[in-house]
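By written order: A, B and C. Residues from 1 in each chain.
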Amino acid sequence: MNQAVLNELKAIVGEAHMLTELEDRYCYSFDSTFINSMPDLVLQPSSRDEIAAICRIAHAHDIPIVTRGAATGLSGGAVPVKGGIVLEMTRLTNIIEINKVNRYAIVEPGIITQDYLAAVDKAGLFYPPDPASSKMSTLGGNIAECAGGPRGVKYGITRDYVLGLEVVLPDGSIVQTGNLVDGDMSGPDWTMLFCGSEGTLGIITKIMLKLTHKPQSKQTMMATFDRIEDAATTVSTMMSSGVIPTTLEIMDNLTIRAVENFLNIGLPVEAGAILLIEVDGDPKAVEKHVQHVLKVCEECNASSVKVAKTAQEADDLWKARRSVSPACGKINPTKISEDATVPRSRIPEMVSAVQAIAKKYDLKMVIFGHAGDGNLHPNILSNKHDKEEMARVEKAVEELFQAALKLGGTLSGEHGIGYMKAPFLVWETGVEGFQFGKDVKYAVDPKSLMNPGKLFDYRPSPS
Amino acid sequence: MNAEHVVDVQSRQEVSDYIYKSAASKIPLCVYRTTTPPGGLRLNLQKINRLIEIDSDNLVATVEPGLVMGELAEELARKGLRFLPADAPYYRHLSVGEWAYQGCPNASSWKYGLGKHTLMGSTYIIPSGKSIKLGGKTVKNVTGYDFTRFLAGAYSDIGIGVEFLLKLLPQPECRMRFLVGFPSLQQAFGFINDLRQNPIAPAFLMAADAKTLSLRLGITTAPPILLEFELDGVTQEVEAFADDIHRWAEKHQAISLSSSNSEDITAQTGLGTIFSAQTASIICDEWKIPYDKQLSAIQKLTKDHSNIGWFGQWAEGKLHAAFTNKEPNILDISKTIVNAGGVSSGVYERQHGNIPNGPLKPLEIALRKSIDPQGIFTPKEVLA
Amino acid sequence: MSEQRGHEEWKQQLVKCIRCGTCRSVCPVFKEENNENTTARGKVQLLEGVMEGTIKLTPTLQERFNKCLLCKACVKGCPSGVRTDTLFLSARQANACENSLPLVKRLAFKGLTFRKLFDTGLRIGSVMQHVVMKKSADGRGNQARFNIPGSGLDLRRIIPPVAANTLRDIVPKKTTVANPIGRAVFFPGCMLNYIYPEAGKAVVNILNKNNWDVTIPDDLVCCGTPAFTSGDQATGRELATANLKSLSGDYDVVITACASCGAALKHEYGEILQDEHIHHNWEELSTKVLDISEFVSKYGNPALLGSLPLKITYHDACHLVRGMNVSKQPRQVFADVPELDFRNMKDADVCCGAGGTFSMAYYDLSRRINDHKLTNAEATGADYLVTGCSACRMHITDGLSQRKSNMKVMHTAELIDLAYQNGTQQKKGGK
């Protein structure tokens, strides 16, 4: 980037918010995956208009832009694989409006999700999508990746709550999509296209979100099974017979052992699987649903079910699930979290496939995740300094994808395609679908400046 | 509507073939429109109508576009399941394909979410003539762009849907339907206000004024405002909710109230045929208005346009119009709506073959140039 | 430290980082600066870069590692257990070797090793301070009259005066009791010796009242925290070795009343001492180290506590709560004091922003971090803010003066001593 361009950009954000030193750019070369790639420049704009001005300059000089929130993504979406500008959005943190009567919120994308959730809660309302990263991740990142979270099976995911967006397009023009009433307009649904577009189409500068009522009551249960197949059957049966739980988390035997080793709280280390179940809603409904869940668990051969009687007990039941990450860290430091997702009825087959792959490539893998929507997280526990093992990890991950697709599943339930899964995207879309994706991308970003090298813009490097 | 401009297609391959022919001969195609593009052809998909699969374990139904929503609903009910947009009475007359084409209307959106989120996936034949598979049976899917919903926007005309994966839910234990009449908009909205404060919403709520009931259903003895809604859930919660309903109805001076258990979903309902009726005309899904501005807006519209009946999902700001003979002054109505903070969705314009003006128009034109350069689904002027 | 060994130790820690970014949600510096170059994971990656050779030990890099409070919030929050505290100290050491520290710092740290010189210097300072310092408007402390070169003293900053009499002046080297339960050796540290000697006296009173003998060896030197946290491990080692020698003896406990000194003696010395024999001596000593609030909680006689009807809140100094795992203990003691109205503040264990020399190099930033602390403290409605670290005390007092607050600050030991005094009086009165 020549000095003239740098000066123009500096004039927009100010010297303090343009990072050029190697030591600083290095800090912006990664996200929560294990790939690194240096940006040429980091810019920290404070407003939509600054962003539009930056885009105009980038567009004129063919400079790629990689939009970045907290960079806690697991697919490489915020890594500048083709260099260019990293556009850090974390200065745009205003909550513009929370409208209690019409039940919507208008927010800037850089706000930390947890801060937004707290503000909504304070206003007496409820925004259900709560990805695990919510203490760090930004709403803009959630929208760009269409984040999920454990409440997805009952309440849906981020896109279910997006009513509209303000987006800065690659040439610096600004569009508004959707509406504050129900989000539905006419013609192609641009809101739904930008949601989950992983920064490859435009830069989200304002988000309109639907809010709903807080659930009145909730009940937490933990069921233990000798066989993971029974846990999976319980999941399907429970849902098709009338109860859609708020949360349905599964942990396989290896996960249970890892957590028990870490916490020493008396988890059943011989069990095939544990299910953590939560139901919420009207207190009468919850009471009935709990009875129903207990009945289904029993019918599906649960060896035991524990119902939390107090908020503390519920918290204790959740502790095991929350401790999975640190527990895994104890086994092997480099934890690679995958999220190949399958239809819920095929969880047992996927678990078998994962176990077979682990054996084939001699890797330590644990399986846990959101059983209610088939979103399993097989985690490979390895050590990145062991180059030979990492090569096996790569092959194993590929086979995981193939297994999921073969079972009618998808490459990603939550984390997005980004850079990490881009080479395999065509396996799922097919050649025609991939071309269609490229054609849509071309329509919005003909110069391919928005987050190049990701999603449909992936090109295998000549090796 | 000219019969010679409509063709029945029997298979997906035929759809593709017509697209290839269209590209070669420059005859534009459409589906489900009442106004075929000049010199164009409407493909009728009603023969492509299989209910391919009901997957109870994964709560997904795989269907073809010609399948009628009412048939689907009954088949699902037999298995103790339901597809929300088809479960409420209003859209049963549509085929699944037409429902998706109209933008997935859903009377149950207040409680269960927008209709477009009941689509888990689909197969579309795109202007290249090829078939692309979108989404899938997994509840969570963030692979690629969200084409499932992008293509299912109302009147998108980007491709032709030939298969749909629909999200199912179990039938509730108990359902109770209400028909409550109010003496005025004021009281009706007072009642809806109370309903909205309740932590759980009704499964659906449809409102209509007397003019609409007269125009569409030929009912001349209707109360000034009629609300039809359903409560669903476990028996105890529905019964407790019903008590509240009676209380609120009295509080807001309801002039009539009837209720019935509605587990038999084919039972006759009050407003059920309001969308399917053949008398008079309707403009749907055009106007959305923030909830708290609705009362005053509808009062003004009623005053300014005495020949129009108003109805819709008023608890959510969705407004439809019923009229006979003279076409309403759309611009004037839209102005009232916009002044009250609402929006015009552009459905009406698209139905007449235009892309609405606005900052999204250039983007849409760029899109069509990229994916439909031959103008199979796109008006020629747009591609010029 | 050999570069090879350093890198091996780094590698062990660095490999654990999964870049999850949880450190972003707990770091007080990041919360103000909103910049990935201030996060723990950012610094971890920079060290990976150093190991690969992509990043060099430049002054710019040195600055990135300096802009850290070493508050250990990231250590506590990290789900993978990366020891960022030892890692960053080690990085500062590597940087200091490569780039050398500013002359003023090098001289100051060297000065610390000359105990008599250091002592004399501070005594002179106590007498001469009004030449360069003027009394602050609220009388709580002093402000620099001008920009004293090399001092890093912001003109707004209010610091306590050097005490006219040091702790050693007002307390004898050894105090004995009639039938001692045990023998304590007390390491007061520089702050308690030269700036807040009354708090040091309170510690001795507490120990005596509980029937413990107390010795304050007269050849103790600075604990070394300012030196080794800046990267001067050589000086740190020298001071540590001298202190170890001085503290060895027939003592049952080693008492500290300064969070930094306590954490240094109990843990950090173990990281910087290399000689096997000295390291072994340290291991033995570290088991005896107790913060005064730990001592009172463990060995103190609750019957000694008289009623003290004060409204107080408590700030958990980083080196106490995360450095020494001391946080329940002072609260246990507060619960035992009759009529004491103790209110827990929000984020009581978040760093106050002092960070030792951090507040000098980054005064504005440390002010902003401190302001959150004070807002939380004021929200409790307490009249007194109690804390067990004198560096925190100094920074918090500056903050209270800046915002013209009436809230007062005292050391945990001073509070306990007051309660003991009341206890004695009330017993006398009650008879």
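Just so it is clear, a residue touches a chain if its C-beta (ideal position, glycine included) is under 8 Å from a C-beta of that chain, and two chains touch if they have at least 3 such contacts.
Note that the structure is a prediction, hence the values are computed from the model and not measured.
Novice: Hey, how would you classify the chain contact layout here, line, ring, star, complete or other?
Specialist: If you draw each chain as a dot and join those that touch, you get an open line.
Novice: Taking each chain's centre as the mean of its CA atoms, which one is most distant from chain B?
Specialist: Farthest chain from chain B, going by C-alpha centroids: C.
Novice: Using mean CA coordinates as chain centres, what's the gap between chain A and chain B in Å?
Specialist: 30
Novice: What is the distance in Å between the mean C-alpha positions of chain A and chain C?
Specialist: So the centre of chain A lies 41 Å away from the centre of chain C.
Novice: Based only on mean CA positions, could you tell me how far chain B sits from chain C in angstrom?
Specialist: About 67 Å separates the centre of chain B from that of chain C.
Novice: Mind listing the chain A positions that touch chain C in their complex?
Specialist: It comes out as residues 19, 21-24, 26-34, 36, 44, 70-72, 88, 90-91, 112, 114, 133, 135-137, 325-326, 329-330, 333-335, 383-385.
Novice: Applying the document's contact rule, which stretches of chain B touch chain A when the two form their complex?
Specialist: Listed in rising order, the residues of chain B that touch chain A are 55-60, 80-81, 103, 109, 113-114, 116-117, 126, 128, 130-134, 136-147, 149-156, 158, 169-173, 199-201, 233-234, 236-237, 240, 285, 288-292, 316-318, 342-343, 345-347, 349-350, 355-356, 359-360, 362-364, 366-367, 369-371.
Novice: Okay, in this complex, where on chain A does chain B touch?
Specialist: Listed in rising order, the residues of chain A that touch chain B are 99, 101-103, 145-146, 148, 152-153, 156-157, 159-160, 169, 173-177, 179-190, 192-193, 195-197, 213-216, 236, 239-244, 281-282, 284-285, 288-289, 341-345, 370, 372-375, 408-417, 421, 425, 428-430, 432-433, 435-437, 439-440, 442-444, 446, 455-456.
Novice: Quick one: which bits of chain C touch chain A in the complex? Just the residue numbers, please.
Specialist: It is residues 11, 15-22, 24-25, 34-37, 39, 42, 45-46, 49, 54-55, 58, 60-61, 64, 79-81 of chain C that touch chain A.
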